[in-house]
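Structures are listed in the sections that come next.
Below are two complexes that have subunit A in common, paired first with subunit B and then with subunit C.
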Partner chain A sequence: MKNSLAVAQVVLLEMIRRKDFYVLFALTALITALMGSVTFFDDPKIARYLKEVCLALIWVSALFIGIGTAARQFPAERESRTIFPLMAKPITRGQVLVGKFLGCWLATAAGLLVFYLFFGGVVASKEHTLYPVNYFQAWSLHCAMMAVVVAITLLGSLLLSSVAANLTMTTVLTLGILFVGRHLNKVALQAGEPVGTLIYGLYYVIPHLELFDVRDLLVHNWPAIPWGIWAIALAYAGVYAALLLTGTWLVLRKKALQ
Partner chain B sequence: MKGRWTGALCAAALLVGGAGLAARLDSWFLQWAGNRAKTLNPLDVFVGQGQRLFGAHFYRKADVYFHSGFYPSIFDNNEAFQTEHMAADADIAHDRNSGDEEEFLGGPRDLFDRFSRHFFPSQHTHLNEGGAGQNHQHGAPGHGDQQVREILPWLQIAATLDPELPETYTVAAYWLRERMGKDREAEQFLRQGLRNLPNHPQLLFELGRVYRESRNDPARARNLWRHASRVSPGWKEDATPQDQFILLQIESRLAKLAEDQKDLPAAIAHWQNVARFSPGPEHVFEHIAQLRQRMANGTNAVPFFLQP
Partner chain C sequence: MKIIPPAAPPILEIDHLRVEYTTRELGSTTKVAVQDLSLEVHAGEVFGFLGPNGAGKTSTMNVLLGFTQPTAGRVCLFGVNVAETIARQRLGYLPELTYYYKFLTAEELLRFYARIFGIAPAEREKRIDEVIKLVELEHARKRLIKTYSKGMQQRVGLAQALINNPDLLILDEPTSGLDPLGRMKVRGIIQRLKNEGKTVFFSSHELGEVETVCDRVAILHQGELKVLGRVDDLAREHQCSLEQLFLRVVGYEPEAVAA
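Now for the complex of A and B:
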């Protein structure tokens, strides 16, 4: 674990040095501030449109940071040949993988924390209310989803030939699940056999990332999710991330590093 | 030497020809109806007519907000959401909804479906009745607050993108004056709509409601409604249900106004128009008979010198 944490620390430091987060945060803050300065029908209390815009920007930024960071890890190490000195140290491939995963995920989670604090500030300034429990649940669920996305991206970085292909595939897969994952069972019931059974099977197999998208609950001030349900959702993400990391480890174990 | 002159003359001829063609095309382009350079609005220049599609999308988005996010997707049963509830509740759209609006999701299809409903809005609420998470009785009037304001940005954006969608103006104006007490803003928005859609009966009808219900100015309301009735396409044989619905609203408002002012002959005339378009005219005929009885008894009759 110590070795993995050391690798994770390097990934985190790399994230701090890179400009991605700062640029995305500045853009989010700028666009939100511009949208917030607009007044509709002389009513300064209208806030939900601003919450929706801000959360959409946060989601795009999180996907950009998470997928972008994870997709670069192994290809960059191989291209710059730094993977060899790394593997020459007393560290296993599994530990490297766990370190890379932890680094990418923690970097994304830390970035998300800053984004959600900003979101809370925006809401407090507009609505003069705070829902810390709801924000915490949304942040933690978002982090859990990003764990699955980072794990998918790491697997893709070993299976696909280029970073661009991995970025494209992971983004398409993630957005596809986010938009239609919830509705696959309805599509399956409308489709005939055997397509219906296949789609229903797919519905159960895919990681339901849309579960963690609770933006509508935040935007419209719905009550917090029951804690038991929230905990099950976190465990669900944890299981999928672990499964994907195990698959990645099996690929990495056999992978030639040249 | 001769070749050089020929080349120079050709170049000069091409230059003159090019300039002439450009001048001709420029005058044609300035008069062309599809010229986007006529406007300084970047949306007009870059999106053109396509922005109307987005206008309809944002109008729908306002209704999504009216339901605090509880709204059917293309995969769900849309029967109960054919007409936007924010418009139907405002009495400005012909209600084409059927089915149970509470249950478009249906029962949970599987364990995962049941679990996932904790993570998105899965309860039917209206903003004018308290919105999400409020302890309210659905359908009960008088429980709302000003949360309905949250639909207004999308309506204003929809009006910017598609200035010729009358429902945008009337829905916004209704909620502005009805729940937020902003009749001045409502009137301004309706007049903005009338600049884009001159003499539109739906806009005139709503403007009349501003004068009648918010400003207690029955004379101006009656003038507006009379004009709206005159220009309404609802009288035509090929009128749409929406046109007839608006005409029905206009005529019934005129009839009530005439009754309030004790002008029973005018009221009867308007109620007869209402009966013509009403899906259930029996009650209207009963009411007309009562009015005729009152006239015969001489009660509430307007003296001839006060009649308009």
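Now for the complex of A and C:
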């Protein structure tokens, strides 16, 4: 595990020293602050829409950070040839993979924490109330979802030859699951055979990322999710991330480095 | 110079190694990169691994370092199959093209690799100081690697190869692309390692350099081992310099070209 943590630390240092995160945070902060500072038609309900827009922005930023960081890990190591001195050390490919995953995931989680804290601060200053449990649940579930997304991206980075292709495919896949995933069973009912069965199969196989989208909790200040459900959701993400990482390891362990 | 007699178990052992690649150009074809290569390197030796481009040197090194798996044969480091991670615990490797994480400083890079070798924190810092001093990078140790010149990057490469105080060093073209001063410095470090009794396995196209520092050499051509022996024995036996022998092995006839 110490080897994986060492690799994860390097990934985190890379994110800290790159400009991507700072640009995204500055943009999100600017838009959130601007939207939070105006009141349209003196209608307090409009504030909810503004919160929704800001949260959507945070979701997009998280996808940028998570997918962007994970997609370039293995291709960049190969292109810059840094993988060679690394793999000539007593470290297994599995340890490198776990380290890359942890680094990308922790980088995304840390970025999300900054975003949620900032958003919570702006909302609290407007509404004069704060629901810390809701924010914690929304952040932790968002992080859990990003663990699955990062694992998908790492797998894609070994299967697809270019970073751009992987970025596009993973983004399309993630957005597809988020927007269409929950409706696949209804589509299956309307489709003929064997397509219907295939779509049904897909419905049960894909990770349902939409389960982690609890933005309404923050937008409408709804009561917190029961902790049992919250824990099951985290475990669900953990299982999918583990399965995807196992698949990635199976690809990586026999891959010739040259 | 202290060379352990050949009876001692070899530090590096290549036994009937065969490496094949499948290329997808014009259909799927199998290319043999290395065939039936057997050699041993003993403790304290400086071993030159020579051959023209495409001779199979890099393929052999890739197997040695666990980057690729052999098609057939066995490769052991310190008596352990190279497929085992532990085989690399006492190994230092300097790649031909020195690319390291450019967003790290030399100190951070060395700390990272030292952690992977499991060097205890107190000793880690001491070792980092030692290798940075050895490669003369004290003044730039806190600078990002992306600001380094090529020569400095090569020295960082050497520092990372030495961070675990290895018993075996694998150097792939260690002086490639360096200016004369850089070459001299790297050569000096290799000489120093040799004097310390380290085992060095290195590939180079600089035959004069190989002749100066190596005890034994192997010349590969088209994936096959053509020459193996002590540098002085080969010179005596073939009545020529290492460079002339190398050219002869690869089939270069200066007279034919001149005619």
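We adopt the following convention: the second predicted complex is superposed on the first by the 253 of 258 C-alpha atoms of A that agree within 3 Å, B and C clash if a C-alpha of one lies under 4 Å from a C-alpha of the other, contacts with A are read in each partner's own complex, and residues count from 1 in each chain.
Keep in mind that, in the parts below, a residue touches a chain if its C-beta (ideal position, glycine included) is under 8 Å from a C-beta of that chain, and two chains touch if they have at least 3 such contacts.
Just so we're clear, the structure is a prediction, and the values are computed from it rather than from any experiment.
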Simultaneous placement of subunit C and subunit B on subunit A, clash or fit
fit
Quick test of understanding: once the structures are aligned on A, what is the angle at the Cα centre of subunit A formed with subunit B and subunit C, as a multiple of 10 degrees?
150
Report for A:His183: first if it touches subunit B alone, second if subunit C alone, otherwise both or neither.
first
Subunit B versus subunit C as contact partner of A:Leu30, first or second or both or neither
neither
Contacts for A:Leu243 in the overlay, against subunit B (first) and subunit C (second): which applies, first, second, both or neither?
neither
Taking the superposition on A as described, I'd like to know which of subunit B and subunit C A:Leu217 touches: first, second, both or neither.
first
First, second, both or neither for A:Ala164, with subunit B first and subunit C second:
neither
Does subunit B (first) or subunit C (second) touch A:Leu113, or do both, or does neither?
neither
Looking at the overlay, does A:Ala233 come into contact with subunit B only (first), subunit C only (second), both, or neither?
first
Does subunit A have more residues touched by subunit B or by subunit C?
B
Shortest distance over all C-alpha pairs of subunit B and subunit C after overlay on A, integer Å, is 40
Spell out the residues on subunit A that touch subunit C in their complex, using ranges where they run on.
2-3, 6, 9-10, 13-14, 17-18, 80-82, 84-92, 254, 256-258
Per the touch rule, the subunit B residues reaching subunit A in their complex are 65, 68-69, 73, 75-76, 109-110, 112-113, 115-116, 118-121, 131-133, 146, 149-150, 152-154, 156, 172, 176, 180, 182, 185, 189
Can you tell me which positions in subunit A touch subunit B when the two form their complex?
38, 40-43, 45-49, 141, 182-183, 185-187, 189, 203-204, 208, 210-214, 216-217, 219-223, 225-226, 229, 232-233
Which bits of subunit C are touching subunit A when the two form their complex?
58, 62, 65-69, 85-86, 88-89, 91, 93-95, 97, 99-104, 108, 112-113, 115-118, 157, 160-161, 170
